[in-house]
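Two complexes are shown next, each including subunit A; its partner changes from subunit B in the first to subunit C in the second.
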Partner chain A sequence: MAGNIGQVQVETTTGSLARQKMMDKWAGWLFVLPALLFFSVFVVYPIGYGLFLSLFKINSFNIDERQWVGLENFTKVLADPNFHKALLNTAVFSFFVVTIQTVLALLLAVAVNQKIKGSTFFRTAFFFPSISSSVVISIIFLWVFNQNGLLNYALSTIGVKGPTWVDDPRTALPAIMGLNIWTTAGTMMVLYLAALQDIPAHLYEAAAVDGANPFQRFFRITLPLLTPTTFFVVTLGLIGTFQVFDQAFVISNGSGGPEKSTLTAVFYIYQQAFKETGRMGVAAAGAVVLLVIILTVTLIQRFIFRSEQEY
Partner chain B sequence: MAVSTEVSLKTKQPGVIGETPAWRRVLVRVLIYALLIGFALFEFLPFLWSITTSFKSEQEINAGFVNGFHWIPQNFTLNNYLDIFNKVEFGRWFFNSLIVGVITTLFTLAFSSTSGYAFARIPFPGRDFIFWCIVATQMVPAIIYLVPIYILLKNLNLLDTLPGLIIPFMVTNFGIFLMRQFFTSVPVELEEAARVDGAGRFRTFAQVVLPLAKPALAALTIFTFMGRWNDFLLPLIIINSPDKYTLPLGMSTFRGLYKTDWGLLMSGSLLVMVPIVIMFVFFQRFFIEGVSYTGLKG
Partner chain C sequence: MSRISNIRRLSGLGIFSLLVMLVLAACGDATNTAAPPTTAATSTTAAAAATTAASVTTAAAATTAAGATTAAGATTAAAGATTTAAGATTTAAGATAAAGATAAASDTITPNTSLSGTVRLSTATSSPEEDAIVKQQLQNFAKAYPNVKVNHEIIASDYDTKIKTSIAGNNAPDVFYVDSLIAPDYINGKVLEPLNSYADKNKVSLSDFYPTLSKAFTGADNNVYGLPKDHNTLVMFYNKDMFQKAGITAVPTTTEELKAALTKLKGVLPADVAPLAADPDLARVLPWVYAFGGSMLSADNKASAVNSPGFKAGLDFYYGLRQAGLSKKSSELGADWAGDALIKEKAAVAFEGGWLIPPLNKTPTKDKVGIAPLPKATTQATLDFTVAYVMSSKSANKDAAFALLSFLTSTSQQRLLSDIGLALPSRQALTEGFVQKYPERKALVDSTNFAKPWQFGVGFGGFADKVNPELQSLFSGSKPQDQVIKNIDDLVKQTLSQ
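What follows is the complex of A and B.
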């Protein structure tokens, strides 16, 4: 009898555990179901739909009317000189912005990380521009780059007659690079600063004792230990700059000009989809090409960073 | 390593080790401050320039440098701040942006916290696979969505409506990911105590877990609201009617219309920034801590 009572007790506890597990299964689904519903419709489905649409010619006036064209959109987009121009602009933009902002962010982070007065102030000040809207920043910079603007006034004080910046095909893209670096260098600095503060101080003390000078300490200790952060900063930079659009749109007043000098890849895709007739499928194909480029570049740089880390 | 350090400590005279001459330390210090102050000026001058411009009269702005360069307005005026509400529907755009930002954020908080909690804590069949899929979608650049989202919203009759700006962003991979990571880091013992007392999943979540999640919810609020407030591409492709413009869209069309009215453009631009700046002043910590979670705008 005594044994029986024990058995019953065991059964009830396992029974309630099993019931709780059963309940959990349903609770789990209930917790995720509403979110998953929207996620499937507005995130997962559009990805597949986007790939699917790149194989069709879509009627601009009746979007539901489409015709299977296979890979024709891809051959069209890859043969379009405007797409080549847009990709070249994007690559140039990306290269200069990512390189300059990464180096600048590292330099600033190392400077803020010294025992100096006002380091919190500097961190906040550098971060601040990244919270404002890209459209607003572009408008403010249009005024800075204006003939009567701040930049050309500053140049005139040292006797240089500034160019017309955004109206000159040679300087329009560099002007947008400048405002992009101005916006994001501070954010990247915050990432570097967090990583710098995690480096144990005893490593530097040991190096100083061994007689390493500040440059050796930077290149032998700081830089190698920051490799994961550099990878992250470069990846974020590449993904962001490869999709630059808002600034180019506002600065060129929606034209991508002068002389297509500010036509970026996303800008091109936008124009194909919404400014040309019957080229929505071409736009979808352009987006797939850009996706492949971004994934490839990210993988290549992951490979480079990994081999460096092994060293 | 440790041995060699000790040896070198003994062989070299203490105090001389790693010591640089005083003049060089001063020089380094000066260079550091020059770099920091120089960059801070570089960051602030465009803002300062737009602020002073917004208080200048049209004549003074158009005169350029003919009468010399002045930071301080010669004829201080508030007209630019009054005119922006009269010449364009700035108040309306502000209201639209607020509606879109607030409603999207509320839904994102609800959906991300419930599903993030389940992905972190409640084992159910298929959970890890679904979460893996959500993480994988983060690899997809936003441009892929341009055409499909437009067609989807058209088929749902949401083109040129504010719900069309809200619904696609109510659930984001970033939000689910952020909340899931946060809930994973909460000690499980806290919940178990409540569960032993007989509280079900929903009560445990609402009364024990959610109050602990305030920092994560604050970061998610900031990034969601800021993302919607500053978004340009989606409003640009789906909104046509000026009375449904959000602020960035309105300001971009306004730049095309009043290309030379820099006073108005500056006052409008600065007003767009006000709500975000207020959030930044009060919740600065969450902005800067949250950076590592988020991607960057293009």
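What follows is the complex of A and C.
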């Protein structure tokens, strides 16, 4: 009897537990629903649609009118010298921007982390470009880079005649790099700053007791402990720079010039999709190639950093 | 237990309904923003956009001209580039006031109440002056067709891209601007409505438009797809004071005389002022190619003519001036475009169109500037840029759309536009009045007689953007001229074969 009763009780409990679990599951789904919806509509669907479009030749004037061409768009895009130029520009851009901006962000973070007067002001000042619109900043920099602009004025005071920055194929891309570094170094600085403040003070105290000098403390304690942040900063930087478009677009007035020196991969995709007629499929194929490249680079980088993430 | 789960259920429901509301609200917002903005709102945006355009053009001086004619679409496009927001608002107001003299126009029109519905109109913004005129024309239209509602959208930048995208997305405006360069692509893509039957039905005469302009919007099927709203020729703007200082008494009429004059100017001008502002741009090179008897395409538009002596001679002349130190790029002069260099008195000569006049008139330089036709080489030539109003083939309200389109290009309404001197009237009947009103701008009108259209056929819509990088390499010295000519030849052949 008792056993019977017990069994019944157990049954009810498991029954309500199961229901409880179901409810929890639904509540969980409900909570992630907004993010999930957003993610599906703005990320998953476009990626899927892009993959789909890359296999068709599409009428520029009617996106529903398409013709299956298999992988032809991929052979076209991979054989296009302009795409090669765009990838090269992007690679150069990414390399310099990510390297300089990461180092700069770290130095800035260490600097404003010191207990010196006015560090709050500098923190704000360095972060400020990050929260401004990149288009507005690009337009301001157009004036800075003008032949008679601020930069050339500064150079002229030390007796150097500056180039026509954004209209010279040798200096246009470096000019955009500078602008990009100036804009994003602040964001990265904040990330480093947060991580710096998480490093326990006792480590430094112990090191000081052991007689480590400031350089040793920086390279033996600070830098290793910042590895996860560095991974994050570099990944963000790579993804951001591989997708650079707005600044190149504004600086070159929508042309990718002079002499295609500011034609980036995303810019190329944009031109194929919207400027050319009947090359939407090629643009989609270019986007897929770029996706694969970014994915590969991130995975390689993850592999490198993971072997060191043992702290 | 059950109470707790009830609460849980309730709160779940609550969250869910909140979510639904949020989503609905978001959708509501989306539809609101997607709805065409009112004219008042757009004109403010346009003023702001003008400044953006201004700064944007600083970048690649090379693209200003081509960008102006291709991207923005309007014949008057380059003009918007230099206007400042503040200046813009005041002149816009002035322009509206000036346009107040339109009573005469509306007098002749008896309100037509048989047409109704909504028509979406998209225009490129070239300058606040033009926006104000279009607004005025639409007010007149509202009087003439009280039951037709017009939703006017001004597209601030990247006009062709935006229009193309809206067509692809099945969301094309009923009536919009199309530039002559890209018109063949649209006609070939069957996205425009043939206008002949509407013109016949409504007794709108197409013969008053300059035939060369109408031809730019006539398809291979001989149907008319657009009514030209205005046009602009490329002429020579020069600084009379600088000419005088250099002792140049007669305005150069041949390329030899021009070269001699520029050489004289070089002797007297300060180092930071160039005799000529000239950018590497197809729309500035081609007039010289034509003047030396060359061409880019064969007579039937089916083969490349780049590898001909005329093309080389034209390029030789234009680039030769730079090699001789007689011309500089506008960016080298700290200017946004060649016309801007002339306005800033950083150059004595610039080859531009009527779009230079409104920004010029806002500066003291205006009293020093003269206008003359481009000097001739073996023959006299220039380019003619034109823009037409067209109708989308998918328009749901075609009769009302045609009413709007023909109204905007009618003699009375076009007079408003040509009266401010931004562009030349596309109707022959208006030309005489224009010359009487602006005798100093006669060169612009006279140039129409020997101008070639800025049009090359299907596939050439974005062609200038492809050629200009090659010309830029020539100007920067990174590629030899033979290589550049070969590359342009390849680009032409490639475009023709597509």
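Here, the second predicted complex is superposed on the first by the 266 of 311 C-alpha atoms of A that agree within 3 Å, B and C clash if a C-alpha of one lies under 4 Å from a C-alpha of the other, contacts with A are read in each partner's own complex, and residues count from 1 in each chain.
Simple rule for what comes next: a contact is a pair of C-beta atoms (placed from the backbone, for glycine too) under 8 Å apart; a residue touches a chain by one contact, two chains touch by 3 or more.
What you are looking at is a predicted structure, and each value in this text was computed from that prediction instead of being measured.
**Q** Between subunit B (first) and subunit C (second), which does A:V289 come into contact with in this model arrangement: first, second, both, or neither?
**A** A:V289: touches no partner chain.
**Q** I'd like to know which partner A:M23 touches here: subunit B for first, subunit C for second, both or neither.
**A** It touches subunit B and subunit C both.
**Q** Report the partner of subunit A that touches more of its residues: subunit B or subunit C.
**A** B
**Q** Thinking of the overlay built on chain A, is A:Q147 touched by subunit B (first), by subunit C (second), by both, or by neither?
**A** Both: A:Q147 reaches subunit B and subunit C.
**Q** May I ask you to decide whether A:V234 touches subunit B, subunit C, both, or neither, giving the answer as first, second, both or neither?
**A** In the superposed model, A:V234 contacts neither subunit B nor subunit C.
**Q** Output check: A:F274 vs subunit B and subunit C. Expected answer is one of first, second, both, neither. What do you get?
**A** both
**Q** Give one of first, second, both or neither to describe whether A:F61 is in contact with subunit B, with subunit C, with both, or with none.
**A** It touches subunit C, and subunit B stays clear.
**Q** Which partner chains sit in contact with A:V166 here, subunit B, subunit C, both or neither? Use first/second/both/neither.
**A** second
**Q** After superposition on the shared chain, which partner residues are touched by A:L196: those of subunit B (first), subunit C (second), both, or neither?
**A** neither
**Q** Would you mind listing the overlap between the subunit B footprint and the subunit C footprint on subunit A?
**A** 20, 23, 26-27, 31, 34, 63-64, 139, 142-143, 146-149, 250, 253-254, 274, 280
**Q** Quick one: in the complex, what on subunit B touches subunit A?
**A** Touch list, subunit B to subunit A: 1, 4-5, 8-9, 12, 17-18, 20, 28-29, 32-33, 35-36, 39-40, 42-47, 49-50, 53, 61-62, 64-65, 69, 111-112, 114-115, 117-119, 122-125, 127, 130, 133-134, 137, 139-152, 154-155, 167-173, 176, 195, 200-202, 205, 226, 229-230, 232-233, 236-237, 247-249, 251-252, 255-256, 259, 262, 265-266, 269, 272-273, 276-277, 280, 284, 287-288, 291-292, 295-298.
**Q** Okay, in this complex, where on subunit A does subunit B touch?
**A** Touching subunit B from subunit A are residues 20-21, 23-29, 31-32, 34-36, 38-39, 41-47, 49-50, 53, 63-64, 104, 107-108, 111-112, 114, 116, 122-136, 139-144, 146-150, 153, 156, 182, 184-187, 190-191, 194, 206, 208-212, 214, 236-237, 239-247, 249-250, 253-254, 265-266, 269-270, 273-274, 280, 283-284, 287-288, 290-291, 294-295.
**Q** Which residues, counting only subunit A, touch subunit C once they are in their complex?
**A** Residue positions touching the partner: 16, 19-20, 23, 26-27, 30-31, 33-34, 37, 59-64, 139, 142-143, 146-149, 164, 166-169, 250-260, 271, 274-278, 280.
**Q** Flag every residue of subunit C that touches subunit A in the complex, lowest number first.
**A** 1, 5, 8-9, 12, 15-16, 19, 22-23, 52, 55-64, 67, 71, 157-158, 160-161, 164-165, 167-170, 185-186, 189-191, 329, 331-334, 459, 461-462, 465, 468-469, 472-473, 476, 478, 498
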